[in-house]
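Both of the next two complexes hold subunit A, though its partner changes from subunit B to subunit C.
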Partner chain A sequence: MMDQLLQVKNLKTAFRTDHGMQTVVHGISFHVNKGEIVGIVGESGCGKSVTSLSIMRLLHDTPGEIIDGEVIFKDQNLLPLPEKKMKSYRGKELSMIFQEPMTSLNPVLKIGKQLREPIQLHLKVSKPDAHQHAIKILESVGIPRAKEIMEEYPHQLSGGMRQRIMIAMAVSCKPSLLIADEPTTALDVTIQAQILNLMKDIQQQSNMGILMITHDLGVVAEVCDRVIVMYAGRIVEESTIVELFEKPKHPYTKGLIASVPKIGSGVNRLHSIPGTVPSPTNMPIGCKFAPRCKDVLDMCHIEEPSLIEKDGHSCRCWLYQDQRQGAIINE
Partner chain B sequence: MWQYIIKRVLGLIPLILVVSFVIFMFIHLIPGDPARLIAGKKATLEEVQVIRENLGLNKPLIEQYIVYLKDLLAGNLGYSIQSGAPVSELIGERIMPTLGLTFISIVWALVVGILLGVISAVFRNKWPDHIGMVTAVSGISLPNFWVGLVLIQLFSVQLGLLPTGGAEDWKSYLMPSFALGAGIMAMIARFTRSSLVNTLKQDYIRTGRAKGLSGNAIVFGHALKNSLIPVVTIAGLQFGFLLGGSVVVETVFSFPGLGRLLIDSIQMRDYPVVQAEILLFSLQFILVNLLVDIIYSFLNPKIRYE
Partner chain C sequence: MNDEILIDIKNVKKYFPLSKKWFAEKRYVKAVDGISFFIKKGETFGLVGESGCGKSTTGRLINGLIKVDSGEVNFKGTNLANVSEKSWKQYRKPMQMVFQDPYASLSPRMKVKDILLEPLLIHYPKMPRNEKKMLVTELLEKCGISEFHLDKYPHEFSGGQRQRIGIARSLILRPELIIADEPVSALDVSIQSQILNLMKDLQEEFGLTYLFISHDLSVVEHISDRVGVMYLGSLVEIATKQQIFEDPKHPYTQALLSSIPQPDPKKKRESVILSGEIPSASNPPSGCKFHTRCPVAMDICKEKVPELQQLDIEQNVACHLY
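Entry: the complex of A and B
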């Protein structure tokens, strides 16, 4: 085992609904090593954002609740910690940036005040020191005229600038783990590349781990070392980035990769996976992807396959378990 | 900032002119003849006519308005038809108690209302919220004259602790300002609650939590300023309501303020006094709205930079 920074074990998160508790994250387990960038990909509604909020224990303002599992960060399980202790982790050891740079900054407070807050809180420094520190951080994320920006309000800045500020805020206390929930989704393509490069640079300088939540395989290919593919609240495949793109196993992953448009492929029609993600109230009994799968077997409708690892490449699919275990699936 | 304020103040001049014109016309449309009231029941037509001419009431309305406006610009509000005393003097005697009363009412209503709203929002759907909102609904539903009468019955008649009326010392301000502010307090509490509940769902609040901020830092440092914008609007509008309410409450508590003066003057068709008072109320309303806009621009930097 390498140096594990974060270990998520059997995490289950459920939402309170009118029909009782609905589980949306079904006991997922994965880890992030020190200095590693791990991507979680999946369609919207697959539970990837809920997973990230669960790790941060930021489900306050949602109907969500963690019902089981462990989130072990540097040998400490975060879930049983009292809220006060958890606050000392947030923003210091674990930081998070969000999808919407336009709404993630407080519109009525100056950038400076918002940047100083975590610095004063976690590094226990005076206001002028925090101010100097904030200016340095702003410069390090490539913001010109950092001093003036400190006195400005979010609405005076562009989306890309705001996302840089969010990143500056998140890394200001040198966290060991940065969770980025769709950090580039709301940005222009050219800005997306800049932001991804920035995150990579910071990661290389400070050796922090990054958990990159995204629906965009392009982003994953660009920055990640390892990828986790989620579907309907479960991990369906996990492998290194090279392996995933070269030898995808799960039909869902194959579908996702085929959906990425390729220039010069000569195909006019874009590939798409038929059907939609099943709703939590109406889950298939067996494999959750079976209704949309083109390689579906009889077994898939009867029992859900488990996540089986082979040579560092895990997959939750009967196609492979059949081959490996030699189990008889036809009755 | 200053430019903005000066621009807004200059913009008020035409507004005030229009308001003064409308008030003047409306007053003269009220049925009833002041000349006849002054002359008494037994007066002959000729006598009434003489009085009418002395007061300038026989001239065309437009001409009367121009005379009125000229006097107004010179700072002369005219003379009471009833007592002959200068209107400015009559109003001067009554203005301080009413200003005191409305000021105390709005201040306690704002402080208690915002506090109650914040508590309710933070503990939403728990017992502090329920208590807060029951208080608020009661405040909105109970008419202020009734609250006033109950207070008099309880504290003056039964317990003998407070005077039933007048404006002699601080004690006589307690019950009227409570009766006057209760409805506004309740309104502000409800608006603060719903606005804050909404603000607490915003993305930037989640950002604040992700930074590791405490609950108090989130509510008071990040959320409250954002949620006060609609509250300020309501408080401003309610202030107009407060002026109307003061007429009723002052009557209930025999409070020597502008409200009572207005009622008395209307009954006597004392045009100059009524006119001056309504103009004063309108001015007050306009100024409060200006104040609200200025507070807005403090709360919301976007408005300030437009």
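Entry: the complex of A and C
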């Protein structure tokens, strides 16, 4: 496939804990094509953020470590690269937007300085040129009075403005892949709508790929082309956006979609998935969702199903794996 | 549900002073700027708005965690604004609060049973010990925490379970009104629906009245009977759930509704995307506070503050369009 921008193969990430190495991302594989918006959804602790940090190789601030797998970006495996080489990718080819715009901007540096830094470094231009470029980028993300804002500090701006600055910084060197980790979670709905629109516009203009990490199914439905659903460090389902919402296969995905209150649905009780996400130290044997699953079979407790693809729709569930004895085929 | 009014708020104001420089003109953050609404016994009143609109302050004004500057907070006919600090205790019992962050609102050094026993010790010092214990166990069971967990500390529980403990704590004194300030915002969707269902069940069982404060319109739509929409310290629309969600009148309510991302990829919204930011509450725009972002603003909006007026039975809007 020539259009593949990013290919993650069997990525495994573990955390050092008091009880030894604890795997939190269990060999996941997926790809992002050029100009495509792929969403990763899941609840807290499912490993979606660790996946994004692993791709960017930003785990050194955490006890995490990549123990296996490949992250192939434009035919180059990023994982064995020396840190110096990786730095030339980060911010230029791949960039990232974080959830909390206040903590991810440096509070003691002016916006202008923070914006110029990646531009001067990666595009190798002079300071005045970088300054002009930064102003242009700020204007393109819809920031009024861009010139004055360059001289201001992050605390002088609102949350929505800061997130626009983060986006401006991330796209300033025209990356081919943008990883957005919960970019709108900290924002109000009316500002969220502005930011999502902005991201879609930028994506269409520059044809970059976006990997969007979120817990909000509404946001996914709004912007993504394809979705990956994660549970307990594994991909449990992957499909196109329309198919996922119309014909979800995995009981977890179904439960997740049914749990979201929908305006105008008029239901009195919400569907809810019983129980909670298992802790990494106490994972069930077999399918990790089995203790909470309403369609559970005997064999779910014995062996973990594998991710099986059929017509571009993958699912990790015994209900759809007919080659096994005793499994019910439920289409 | 009957028509008895439990809480009646009239023209309540709360201004927080900004940094006091000598001789400088005093400036205030107008957190709550003259709001009036009532809550009927047994209903759920949803209060929605974006961050900084004053919805949490309103909740805290009602149960006296913050004192009102002016206006009335009538609880069953008593104006709580005039109640002295000493006699507040008797009003705290029928009015309890559930907080947003289940990690911060439970004391990390207290066992679950002690967290629930504390209110009983304060309000019923003479109740026999085994009776107290029975009440605690029974209530925790109803909230989905089994007896087996009584001796555990909050850090041993997940976010959803902690919120269950927080809800149990608020119910132990058998209150009439629960002020729930973003009770499910910190939770994952699958847990959020468990807690919403629990709150509905408990409301039926104990005949509770809820003031449900949230920024999430879908959640508010699910749980509320009537809804108030706040913007920069003012109520812009109060109506029944059906009226708000099917036929919103105020341009802000309309914009708010259309900006919710729908979990349905086929429903491409024709959204009203508001331009600009929420103005600061220390320096709100003149006239209608929403006019700087309003898609249908007129000249009068810049000058005159619109009054909350009744359009229909139960539907009240503060806008010059009507």
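Quick note on the criterion: the second predicted complex is superposed on the first by the 320 of 331 C-alpha atoms of A that agree within 3 Å, B and C clash if a C-alpha of one lies under 4 Å from a C-alpha of the other, contacts with A are read in each partner's own complex, and residues count from 1 in each chain.
In the analysis below, contacts are C-beta pairs under 8 Å (C-beta built on N, C-alpha and C of every residue); 3 or more make two chains touch, one makes a residue touch a chain.
Since this is a predicted model, take the numbers as computed values, not measurements.
Asks: Clash or fit: subunit B against subunit C, after overlaying the two structures on subunit A?
Replies: fit
Asks: Could you say whether A:S95 touches subunit B, subunit C, both of them, or neither, answering first, second, both or neither?
Replies: A:S95 sits against subunit B, while subunit C stays out of touch.
Asks: In the superposed arrangement, does subunit B or subunit C reach more residues of subunit A?
Replies: Per-residue touch count on subunit A favours C.
Asks: For A:H155, decide between first (touching subunit B), second (touching subunit C), both and neither.
Replies: A:H155 contacts subunit B only, not subunit C.
Asks: Please indicate which partner A:V108 is in contact with in the superposed arrangement: first for subunit B, second for subunit C, both, or neither.
Replies: A:V108 sits against subunit B, while subunit C stays out of touch.
Asks: Please indicate which partner A:L256 is in contact with in the superposed arrangement: first for subunit B, second for subunit C, both, or neither.
Replies: After superposition on chain A, A:L256 lies in contact with subunit C alone.
Asks: Quick one: angle from subunit B through subunit A to subunit C, Cα centres, nearest 10°?
Replies: 70
Asks: Of the partners subunit B and subunit C, which touch A:L121 in the superposed model: first, second, both, neither?
Replies: Only subunit B is touched by A:L121; subunit C is not.
Asks: A:K87 contacts which: subunit B (first), subunit C (second), both, neither?
Replies: A:K87 contacts subunit B only, not subunit C.
Asks: For A:S44 in the superposed arrangement: first (subunit B), second (subunit C), both or neither?
Replies: Only subunit C is touched by A:S44; subunit B is not.
Asks: In the superposition on the shared chain, how near does any CA atom of subunit B get to one of subunit C? Answer in angstrom.
Replies: 8
Asks: Subunit A touches which residues of subunit C in the complex?
Replies: 50-51, 158-161, 188-194, 196-197, 200, 215, 217-219, 221-222, 245-246, 255-266, 271, 273-275, 277-278
Asks: Residues of subunit B touching subunit A in their complex?
Replies: Residue positions touching the partner: 200-214, 217, 221-222, 225-226, 299-302, 305.
Asks: Sort out for me which residues of subunit A touch subunit C in the complex.
Replies: Subunit A residues touching subunit C: 43-44, 158-161, 188-194, 196-197, 215-222, 241-242, 245, 255-257, 259-264, 267-274, 276-277.
Asks: Quick one: which bits of subunit A touch subunit B in the complex? Just the residue numbers, please.
Replies: Spelled out, the residues of subunit A in touch with subunit B are 56, 58, 60-61, 87-92, 95-96, 98, 100, 103-109, 117-118, 121-122, 153, 155-156, 166, 169-170.
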